[in-house]
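What follows is chain A paired twice: with chain B in the first complex and chain C in the second.
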Partner chain A sequence: MHWIALRWLPPEVQAAADASPGSATPGVEALGTEALGWWALQFTPHVAWLDEALLLEVSACERLWGGRLALMRELERLNPVAQRLQRAQGASSLVALARLRLFARGVRPPVELPGGLPLDTLSAARPHLAVLERLGCRSWGDVASLPRGGVVRRFGGELRDALDVAWGRAPDQHVWLTLPEVFDLKFELPALAENAAALMWSANRLLAALQVWLRARQRGALAIELQWTLDLRRFNGVDLPPREQIIVRTAAPTQDMAHLRRLLHERLALTRLGAPASWLRLRSVETAPWAGASTSFLPEDNRKGDRLHELVERLGARLGAQQVVVPVPQADHRPEHMQSWLPAHQAALAGPARAVLRRRGKAAAAVAAAPPSAAAAPAAPPNTAAPGASPLYPPWLLREPLALDVREGHPHYQGKLSRLVGPQRLETGWWADGQPAVRDYFIAESPGAGLVWIFRERPSGWLASEAPRWFLQGLYG
Partner chain B sequence: MAEIAGTGGLPGYAELHCLSNFSFQRGASHPEELVERAYRLGYAGLAITDECSVAGVVRAHVALRDLPAALAEDEAAHPERPPHPRNESFALLLGSEFDFGRFKLVVLAHDLQGWGNLCEFITAARTTAPKGQYRVRWNGGVDDSDMASLRHCEVVFIPRRDAGGAFDLPALQADLQRAAQLYGVQLWLAVELLHELDDDLWLATLMKLGAQTGVPLLASGDVHMHVRSRKPLQDVITAVREGKSVAECGLALQANAQRHLRTRSQLARLYPGQLLANTLEVARRCRFSLDAIRAHYQYPLENLGNGETAAQTLARKTWTGAQERYPQGVPDKVRRQVAHELALIAEMGYEMFFITVEDIVAFARARGILCQGRGSSANSAVCFCLGITAINPEKGNLLFERFMSRERREPPDIDVDFEHQRREEVIQYIYAKYGRERAAIAAVVICWRARSALRDVGKALGIDARLVDEFAKDHYWFDDGVQDQRLAEGAARIGVREDPLRLRQWIELTQRLRGFPRHLSQHVGGFVLTQTRLTRLVPV
Partner chain C sequence: MGLPFLDSSSFSAAGQPVWRGDELGAADAQVMATGHAALDAQLPGGGWPVGALIELLQAEPLAQAWQLLLPALARAVQAQGGPVALVGAPYEPFMPALAAAGLGPEALLWIRSEAPAARLWACEQALRCADVPAVLAWLPRARVGELRRLQLAAAQHDTLLFVFRPEAMALSASPARVRLRVALEAGEGGAAQLALHILKRRGPPLAAPVTLPARSERMAALLAAGQLRRRLGPHARHCVSSLPPEGGAFRLGSGPAAEPPAGGVGVAEPVATVVRIASPPVFSVVESGHALDRIALVAA
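Let's look at the complex of A and B:
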């Protein structure tokens, strides 16, 4: 057995530690002891809190980390909080803890272990320190050499058991920490939160814990729920629900708390608390397996700025879900049907992840309670072609095909058009309302406009007598 | 060849890549329609090349046989119209299409030998795959004895084309070279120009490829329907295949209706003359007809007595049977009838059929399996004597001509009912006696009926499911010609609003789809028995 004891310096000791919530790494008090335990679970499944220290039993897994020394360095490197990490090792949990306590005091550990350890480093001996001192016992070894029966009668079984554990004569048993299946943390706010901004300050703490949980579970969050308990039953003559909550969703699973924080922030900015809140609770509603992104040396792979879907979600959170539309490629032979503009949250449903996302459709719609504000302008590239579209298609499509002048049987667009390639025939859309699309497409050259994409409506059946009509639908270059 | 090429000043052409609706959920025309249309367009030939199947060829064969008579009848009925031009040299080519992913091969049989190779190839491809699918492999030169077995066939190599997209030219060239090693002068490279934007580029690419590998090019059309107006039905069939509505199918639909049998003037504008002329050369080499199978077919010979001919065996068995049926002596009436029938059977050459059936019935009787001949065979005294039927010819007045006659020239049909719990025993007996290679259960083609067609077309058009259910349940009015009214009433009754145009499309397409083959199934007891390997005659 080999144990590592960990302790984070309390903030008052380490004055330099900047544990303000906005900083990149939260403080110990911000993360909470539970989350620190989850963090330690990434090193070994045997983790337990013992008094003020977090104890890790590593004999079975230290080789995985490249030995004890490497493991100790790794612990230091991955420290999740801003405070410094103090570490000590020992053959049993009590020895490791005692050494940690000595280290904190700046005392060198004795040569003889565990017999030489001072008595006040043993938690079980602390209530009896004065008596033991009068008996002349200064170290663990002194007590251990007293008659067993007398010690038990005089000080209770606890002290003797602790010494047995320290000497390895009794099993070192603990209740190991486990990672919960669902993230669900609540805590009482230090002061009643009067407005949403105050909630946000506290929510940061929960988000930090969520991040630790997600990393330990190797999952990304798709939806989280923030819930607060109202401190009043009635306010201004109106009955209040006991709790209020908001749900925040994101299109791609994320472990990035900055994104969730921004989304929460936008949503909270639009939320009015019914009454001051006393408790805050954060819950994971939906998560998905996390596929980590590989890093790249190539500069073009390391894009700066937000990802598109994050921007869209943030805009949606601020302006209302219906107000932000995105282009969605459609499989259709008719060029004008190859993309459609859908509200962002519906577009996610229409995309390739349809089956996965459909379940959430209803809930997403119900949550979209933000008041409609001024219509948002769609911000997306002009032409998002379906995956099956021919590479010969023009990059720019007209919103509506433009009817062209026909002089002496030739279509004109900024001059007489000369057909270069074609025809490409299209006969489809008979099931849709209106005219079926029966067209011959050509790439033509216009003296004024360069290469253009035009089509001729083929006379279908009853229109056979009419002269063919020409349209401009796309532009190259 | 000049005389074919010259007709009407248009180049001659034979379509070598054409799917009928026996390529389930792909082809949108009956083989009969394809044959008639190609005949009328003055094609020199038409190949029915269903995907890993030859199921459509029989109907095409019969259609072609009956076509001149039908034309003559039509002319007689409408003397005022100009007479239909005859196309005497029209040839029906038989083959099959195989998809290898990067390319497709169309294999056309030269003769009975080639047909046998093709049938065995299909059998092998089908038996190694789950029902309804097939498996063919292209190993690029490693162990392709399967592929090499396709002798006495023309092989058309059709590269896969993603219109406008890039293609892997080196891989294509390697495949083509390998195919050229396998098939030599029987290999052709098909150019299918279907009015895509990059047709010219495609043609130029394949010309270059042909020049590099020495494989001659020919024109073909990847025909899925006989006329352009079948496109909606083609789309519906695609939707059924994809299990979606037509609007959702997107790019799975064909972009245009060019995959039909195009007129020769259209083809002449599209293709260089040599490519069209090469199709005639292929048609000239493939002279196999289904009649050859008929001539070639032999019944299993196990049941013949030692050194006897079929007629002698049948006569012996019949008279022996007659003795047993009439222990007191065969009545004169029966004796005359039997003699008459035996003479006719011998004349038509159906002795072996009677002997084979008698053998199976004798087995069943010996095992105590109840069995009984029924239908028109009950009109035969020979069947009675052989123990197949139970109608005593002495008592009744037999209408033997209903069963078999010289004028009809149709093979006789003897239906025998076996006790159904023990039918499997009989089936196993047949397999044990003739072997798996020479006996097989016949397939039945399951066709779309009014109800299933209503459902499938309704789903493809996105008609409200309640309305589809309502009408599929109660479709007996379907042929009454009052569908529009009934539909309107029904829609109002269950409170569904549908566009009348869409409802009309629904009904029209349903009527077209009705009778289309949908899939193959097993006949409950029909057996095909042969003397030689069965798979040389039909795919199993």
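Let's look at the complex of A and C:
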């Protein structure tokens, strides 16, 4: 058996030791003891917290890491927090821990192990230190040489058992840390959070822990829930729920906390707390296996910048999902029903695969930075010719047709309109709500606005006495 | 990455370390052909500069966009994939018209926002996205510092960036690489033209504006047909065949057998005339075209 004891230097000691602030990595407080344990699980499955130190049993796995020395170096290199890591080794967990305590004090370990170790480095002996000292016992070996029965009667079984473990006469038993199936961590805020920005500061710590969990589980987050417990039951005479929460979703599994943090930040900026919050809890709602990122040597695949779904989610989080839209063609002949707009994050779920296929298909067409001579040739015929697409339609549409002034029988829009082409007759819409559309479309020219697309509401037979009403529905530009 | 507009290597395209102010500068980065030969000839490098701010100044609704930009946008989307981002468009884009020019429904992302600050923020985010090949932004109230920031974002991520601003901004300073004033005016023969006054480019100032047709080829052919029909009036009876000036094939005469006139009017009355218009590339798929495009009956 071979044990490694790890301890992270407390921040005040760290600050005294080296004055080099400005590191971006979080401190131990920012990560939490659970997450540090999960981090250590990548080296060995046998990890346990004992008093103030994290203990790793590595006899079975040190060859995997290339020997003890290489493993110690790897521990130092992968240190997840900014604070310095103190390490000590020993044949049993208690010896490793005692050596770590001596190292922290700056005392050289004794030659004889474990007999020469001072008694105050043994946790089980600490309540009895004064009595043992008066008995003349200074080291572990002094106590171990006392008669077994007398020690058990005088000090209880724990001290004797601990010494047996240290000498390897009894099994070294611990409750090993395990990685939970679902990430669910809560902690009490250092002070009551009055607004959502204060929550964000604390949520960073939970996000850092989530990242460690995701890496250990080799999964990517798809949806996370941030929940906070309200400190008040009633506020301004209104009963409050015990807790409030927000759920943040992303389209592609991610281990990158920067994107989730930005989404949380935008969502929290729009959230008003019902009352000051005291506890914060982060839960993984949905995760997916993490495939890693594949890289490419081709320069056109290595464009720097965000992915499209990240852009859509970020815009939607701040502006509202209804403000970031993509068109969806509809089979209808009334212009205002030919397309509908869908929030982009809904369409984005099917989007990436489609986009990749399209990009591969057009790799040959990538020579688009054509020489100027090629520009004289007409544009390539569109291969995505949707049914109903026509260059004669106006590129701008007015979803609510604009009623036009009619003077002396002629419609006016920034001047008198002269009809150029038409009519295009359009009728029906009885299957939909509202008035059936009975219209004659014209392309007309306005002195002020150029070409416009207008229609006349065709009067029904018995209403023919009414003057026809004219509407503007599209603009060419 | 250095600031592209301070990059001295941009002037050394032909091995000359000096760029003379009276000749057109060379492009220091990628350009995207505009699809209009007359405009390409006047822009440094022969196209829209990729990764630089392009400013389009025009009168108020700021709606003169598609006829000018569609060829370049369609080409950018074809090359790179991903959607073109529209930030704060004045009206709703109509997809059937844009799809006909090669900008399909999946190639558009419309960001609706009214507040100027939100538009600027959305514009910058869109520029930072690797999957967006081009950004069209309507920023009537942007200040110079904000435009400079957008210019830097576009340069870092190699995105086409078009900013629409009102005409009154023509007198104020701008960090844009290319500035155009776009105006719709009547050309010779009554056909409307897009007049592009190049206010800023790397090259000598241009005295006369670059003129482009304001309508697509098929629209021009359709309008010509309508004009011809009105001129001939109700007395047109015999088959007349002519070619419109813009090259689209154009026929005036009895409809071919593939498409009998609607309602049997053309068959019953010998005085009915069928006007049929189609440009050659779409002649075979004319059934899927616009109803205006297909057939029109003129009763004598």
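The rule we apply is simple: the second predicted complex is superposed on the first by the 311 of 477 C-alpha atoms of A that agree within 3 Å, B and C clash if a C-alpha of one lies under 4 Å from a C-alpha of the other, contacts with A are read in each partner's own complex, and residues count from 1 in each chain.
Criterion: a contact is a pair of C-beta atoms (placed from the backbone, for glycine too) under 8 Å apart; a residue touches a chain by one contact, two chains touch by 3 or more.
Fair warning: this is a prediction, and the values are worked out from it, not measured in the lab.
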| item | value |
| --- | --- |
| Contacts of A:Gly477 with chain B and chain C, given as first, second, both or neither | second |
| Which superposed partner A:Leu199 touches (first chain B, second chain C, both, neither) | neither |
| Chain B versus chain C as contact partner of A:Asp332, first or second or both or neither | first |
| Chain B versus chain C as contact partner of A:Leu392, first or second or both or neither | both |
| When both partners are placed on the shared chain, which of chain B and chain C touches more of chain A | C |
| Contacts of A:Gly422 with chain B and chain C, given as first, second, both or neither | both |
| First, second, both or neither for A:Trp430, with chain B first and chain C second | first |
| Partner chain in contact with A:Val452 - chain B first, chain C second, else both or neither | neither |
| Overlapping contact positions on chain A, where the chain C interface meets the chain B interface | 386, 388, 390-393, 421-422, 424, 441, 443 |
| List of chain B residues in touch with chain A within their complex | 163-166, 194-198, 200, 228, 231-232, 235, 246-247, 249-253, 255-258, 461-462, 499, 502, 505 |
| Chain C-touching residues of chain A, taken from the complex the two chains share | 300, 303-308, 310-312, 314-315, 318-319, 323-329, 335, 338-339, 341, 344, 351, 354-355, 358-359, 362, 365-372, 374-376, 379-382, 384-399, 420-422, 424, 441, 443, 445, 449-451, 474-477 |
| Chain A to chain B touching residues, read off their complex | 330-333, 386, 388, 390-393, 421-428, 430-433, 440-441, 443 |
| Complex contact set, residues of chain C against chain A | 30-37, 40-41, 46-47, 50, 61, 63-67, 70-71, 74-76, 78-83, 90-102, 104-106, 108-113, 118, 121-122, 125-126, 128-132, 156-158, 184, 192, 214-216, 218-219, 222-223, 225-227, 281, 285, 288-293 |
